[in-house]
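There are two complexes below, and they share chain A, which is joined by chain B in the first and by chain C in the second.
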Partner chain A sequence: MLYWSLKTLLSEPVRLLVSALAVAVSFILVIFFSAVFEGESEQMVLYLEKMEADVWVMQKGVSNMHMTSSMVWDWKVDRIAQMPEVKEVAAILYFNGAVKIGGKDWFSYVIGISPQYRRTAPWAMVQGKSLPGPGEAVIPEVISQLTGVQIGDEIMLTDRPLKVVGLSRETFSMASAVVFVAREELGDLLEGRDQYSYIMVYAEPGVNAKTLAERIKQEIDKVNALTSEAFIASDRQLAVQMGAEIVRMMTMIGTLLATLIVAFTAYSLIARKKQELAITKALGFGNKQIYLAALSQTVVVTALGLLLALLISFTVLQWLPTVAPQINLSVRLHQFTSIAMVTLPVALLASLSAARTVAKVDPMTVFHQ
Partner chain B sequence: MQTDMILQAIDLNKSFGQGEVLVQAVESVSLEIKRGEMILIMGPSGSGKTTLLSMLGALLSPTSGHVFIDGTDISSMKAAALAALRAQKIGFVFQAFNLLEALTVEENILFPARLSREGIAGARERLVTLLERLGLTARRKALPNTLSGGEKQRVAIARALINQPPIILADEPTGNLDSHKGQEVMMILHDIARDEGCAVLMVTHDPRVEEIADRVLWLEDGALRDRKSEQHAWVIDPVCGMRVDEWSASVTTDYNDEKFVFCSNRCLERFNAQPEHYIDEAR
Partner chain C sequence: MFKLIYRQLVYEPFRTLLTCGAIASALAVILLLEGFQFGLLVQLKNVALNRGADLVVAQTGVNNFVAARSLLPQLSRERIESIEGVVEAHPITMVPVIYEQAGYRKSPIFFVVYDTRGGPSKLKAGRAAKAPREIVIDESLAVLYDLKVGDPFIVADFEFRVSGVAEQASALFTAFSFINYDDMIDFFFDSDLVGDISNLPLLSYLLVELEPDTDKQYIAAKIEAVESEADAFMPEQLSQNDVALGRTLFGPVMGVLIGAGYVIALLVVGMIMFAAVHARLRNFGVMKALGFPNHTLVSEMVLESLIMVLLAFPLALLLALFGSWVIETRVPLYLVPVMEIVPLIRTFVAALVLAVIGAYLPYRLIAKLDPALVFRG
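Up next is the complex of A and B:
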């Protein structure tokens, strides 16, 4: 029966390909949602990763950067810098909120940079200078492409006009862009001229970051200190929590769509072959054998759909960033494996409609002309 | 111990519907068929021939009565057991050939062998024999849509025989064939009954077969009756010139208020393509 079912499937290659493509489309949706989510999550913590600090110090009670505010007196930066086993420190003032660029509000991480901490400035520039002075800003290149705002144009940070002096790379995500301004400018805006938000600590070689973080917490009053690893993980988790529900829903919709398409395909395959199923029943094949044959067809269609989805996704995801730079995509092996794991339940579920049809096929129809 | 009796029906009844719409399709039919016998079931259209054949072939449960196949009462068997019984004991030949379109000639013939004890490997030798006997060796790799009607029916016969069942049930096996091909198929079935010891039970309207059958059972209004000779109404098929019994014929058409009777659907199709030509020739 399996041989018959597979040969029947392969005897109509165009129909098989169309069915597999339909299944592939729904899987592509799932892969795409997942890739966007992963890409956005990675982009949201990229600034933290690029700073390559060993320990991050922030206001007590704070353990994130995303959707958070933190204020630490500037003298604490000096205190930490003087601690043994600390090689270097850097600090930023930080604010998250909307920046009006090209007439549109962009939710942004606004990083206030001090000239003495150059390493907190953008790490990849496309054009202009990376260290903004008072009244100046460095914006992501992607926003410049999307809005047409160029170097020399004006943007608004709350009620404050700033002149664009640089375009940075790798600083844009749909959920949050990174805009760099002078720390002096941001301090004035936040009424925190003698404060920083986050202090990056670089340890001497061989120093354990966790031990150093604990020591900072003990010695410096009212601060929280986390290893870079823990801080990034905490921020990533927050970002994931915020998007996870949406992605889960999108994945469910995609999976449901795939199931419906496979179910329809399986049903139409079976419905068109009712007469042949009646023949097999008359010849002595049981419902179970015929159902397994129908299931093998749905498995083949689903697996082929998955394979096509992977091939198309891989090609499209490589090409998409060139035409839609605002979309951050990240494709990881676990995304493909989780989709592959969904395949079998989808095929099983989808074959239920075919099973019902198989059970109802009357072998007596072999006598019909 | 093997007995000569292979198929037996005792007081078989089948009705459909209930109350005022109750239709008694088969009524109190009892019959016995021995190995090697070729039996025809004839009768007018709607007389219950196919319903009877379906019950004897374990495809339809009787409303009452018993069917014994090779000594086993199948009346109370479950669907799965009936399917297994069909695979082992019964070969089917249908009017519409009913081949599996995606499979080649030899794959179609071997298809039921998957259900036999020997499996496909065990059936290969018999496949070669059947292909030779039925003149299909050169067409063994062909797909059904490239075969003629006669070839399709020969493939169907080979498929029915591959598991060496003791019973062959044939439903109008010549209905879609012209007279020459029909004759050929009849002779094959006759030889099978003789050579292989199969009981061949055939539903047909074709009066030519009567000559080679061991017995003819006449079914009328669902019951077996004696056929009276005056119930023959011989007419000539305008296409092939064969003698056809108008009274029992199922392939007929009306053209210019005149009724024409045919030996097969093939002849009817030819007639429909050029009716004036065949009417002129017949006159």
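Up next is the complex of A and C:
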């Protein structure tokens, strides 16, 4: 019976492919949403990861970089640098807002860097210099591609025209394109000439980052110190949660759509094979076997849809950022497993209506024309 | 031909229902995605418009109300209020903070600090913040964190009390909460946030109220003349800039998503038409044997496909409305208006086009059909 079920499905390969493709695209719709939020979240914390600090120090009451502002007196950087457990420090001034590039506003992380903290500069350059001086800026290569703004062109940071001196790689995301400017410039704009926003602390070998963070909080007044791991996790959590609900809703909608497609495929296949099913019943096959055959068709269509979704996601979706570089996607296997776990039982339940039709088939149908 | 199609549709009502359901679901997904995109832009558009100003004054070079950091000189209010035709310049300050419920989750929020104008445009429950430490939160925070009027709302160890819940006061996936200036100062000092800030962000924008029949353009020019560090905007202009920012941010992603929605709809219609042609191969064989040409048979499929899409569209609307209601009730951070006329017409026309393309997909099956089939068992 199982053999018949699969043979029936495979007898119309085009139709099976179209059904599986429709299921696959429903899955891809959900995966795309999820991949965008994960891709954005990963990109959002990339700067923090690339700095490879052991501990991040910021204003008290702050534990994030995204959608936050932090101000710490610059003398605190020196105080931290003098601690015996500290090998090196670096510091940046930062603000989160729109920067006008090529006539468009881009929501950006603006990072003010000082020449003495070279490691806070972009880690990968496409062109130009990585350390901007006063009146200069380094912008993401992606924005340059999208707007046509090149080295030597002007961008606007609120009311300040800045000359583009470098194009950086891996620094673009929808919610956090990283624009590097001179700390002096940003300090002037934010009226924070004597402040930094975040201090990166590099510990001496053998020093535990968590212990060091606690020590900094005890030693330095009104600061928060987090291990790099905790700080990155905190920002990632914030970013993921911003999209969590809509991803969940889209999963529900996509699942519903995929389920309907699976149910429709199973129903129309079975409805057309009534006569053959009547023969099998006349030959003594029980309802249980027929139910099983109907359900197996659902499993095959769903599984094939999932397989196609996997294939398309890991090829087309991975390729998409090369033609639309403003889209950051992170396709991960866990996105599929969660969809499969939700869709498969629902699709099986939905195909019960088709199975019921089979169960009600009269063996006499075989003699009807 | 209509009669034939009608008989086909009523012959198997469950199948027709399932078919319409599948098409309607695919169309509902497009309507929801269109609504989601439209909602993001509407939310952005409303932030500046809902502040109730005739003119909005921002720091020079700042062109947005959302996702912008504007800092105006304290004395700018006095200078602007001295201009003839200006009734009052109401201060407003935007402060980004993170709201966190211990062991639960965290959300970025914007404190909208206001004095006499610029507060929540519509309240769903409770009242505006009047007493010390009162706050009006957006409905999305109330739902997400299960907060009601009278509940404490703690940010950076500073305890506010919820006095009201605002309706649709969010944009860019970020909820707004409304507090007054005294509480902002207390919040800055009590929560230690002020520790190392040399210059408190006390004034972000001024909401300028003009005397009736005053020329807005003229006053805007006067404001820019008396206050060199400020630009004056019509609220509509600022709101258009925010919408443009939204399009830059979400346009490509939403374009791909809506495109995927259309691909699904096309595949669903194609799949249904394949099934319909397969199921009626013998009928088509008879018709071909009777001399009906291929294009007549395909025309019948096109007509049937169009009728099914027309039947499915109202159902799609109902499904999309239901989906939108579920999303807006469960996650009020998002606005999903599915009845907006432009996206609605666009989806409807696209659905008809998809119906025609979908009906042509099984063309080869009909074209290759041998009329002799009808004489086989």
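Here is the rule we use: the second predicted complex is superposed on the first by the 332 of 369 C-alpha atoms of A that agree within 3 Å, B and C clash if a C-alpha of one lies under 4 Å from a C-alpha of the other, contacts with A are read in each partner's own complex, and residues count from 1 in each chain.
Note that a residue touches a chain if its C-beta (ideal position, glycine included) is under 8 Å from a C-beta of that chain, and two chains touch if they have at least 3 such contacts.
Because the structure is predicted, anything quoted here is derived from the model rather than measured.
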item	value
First, second, both or neither for A:N287, with chain B first and chain C second	first
Superposition-derived comparison: chain B or chain C, residues of chain A touched	C
Residues on chain A lying within both footprints (that of chain B and that of chain C)	none
Complex interface listing, chain A residues touching chain C	12, 14-15, 18-19, 21-22, 25-26, 28-29, 32-33, 36, 59-64, 66-69, 71-73, 76, 95-98, 100, 104-107, 156-160, 174-175, 190-192, 194-195, 221-222, 234, 237-238, 241-243, 245-246, 249, 253-254, 256-257, 260-261, 263-265, 267-268, 271-272, 320, 324, 326-327, 353
Complex contacts: residues of chain B adjacent to chain A	50, 53-54, 57, 59-60, 79-80, 83-88, 92, 94-96, 98, 100-103, 107, 111-112, 114-115, 159, 171
In the complex, chain A residues that touch chain B	1, 3-4, 7-8, 10-11, 275-276, 279-288, 363-364, 366-369
Interfacial residue positions of chain C with respect to chain A in the complex	12, 14-15, 18-19, 21-22, 25-26, 28-29, 32, 36, 59-64, 67-69, 71, 96-98, 105-108, 144, 156-157, 173-174, 191-193, 195-199, 241, 244-245, 248-250, 252-253, 256-257, 260-261, 263-264, 267-268, 270-272, 274-275, 278-279, 323, 326-327, 330-331, 333-334, 361
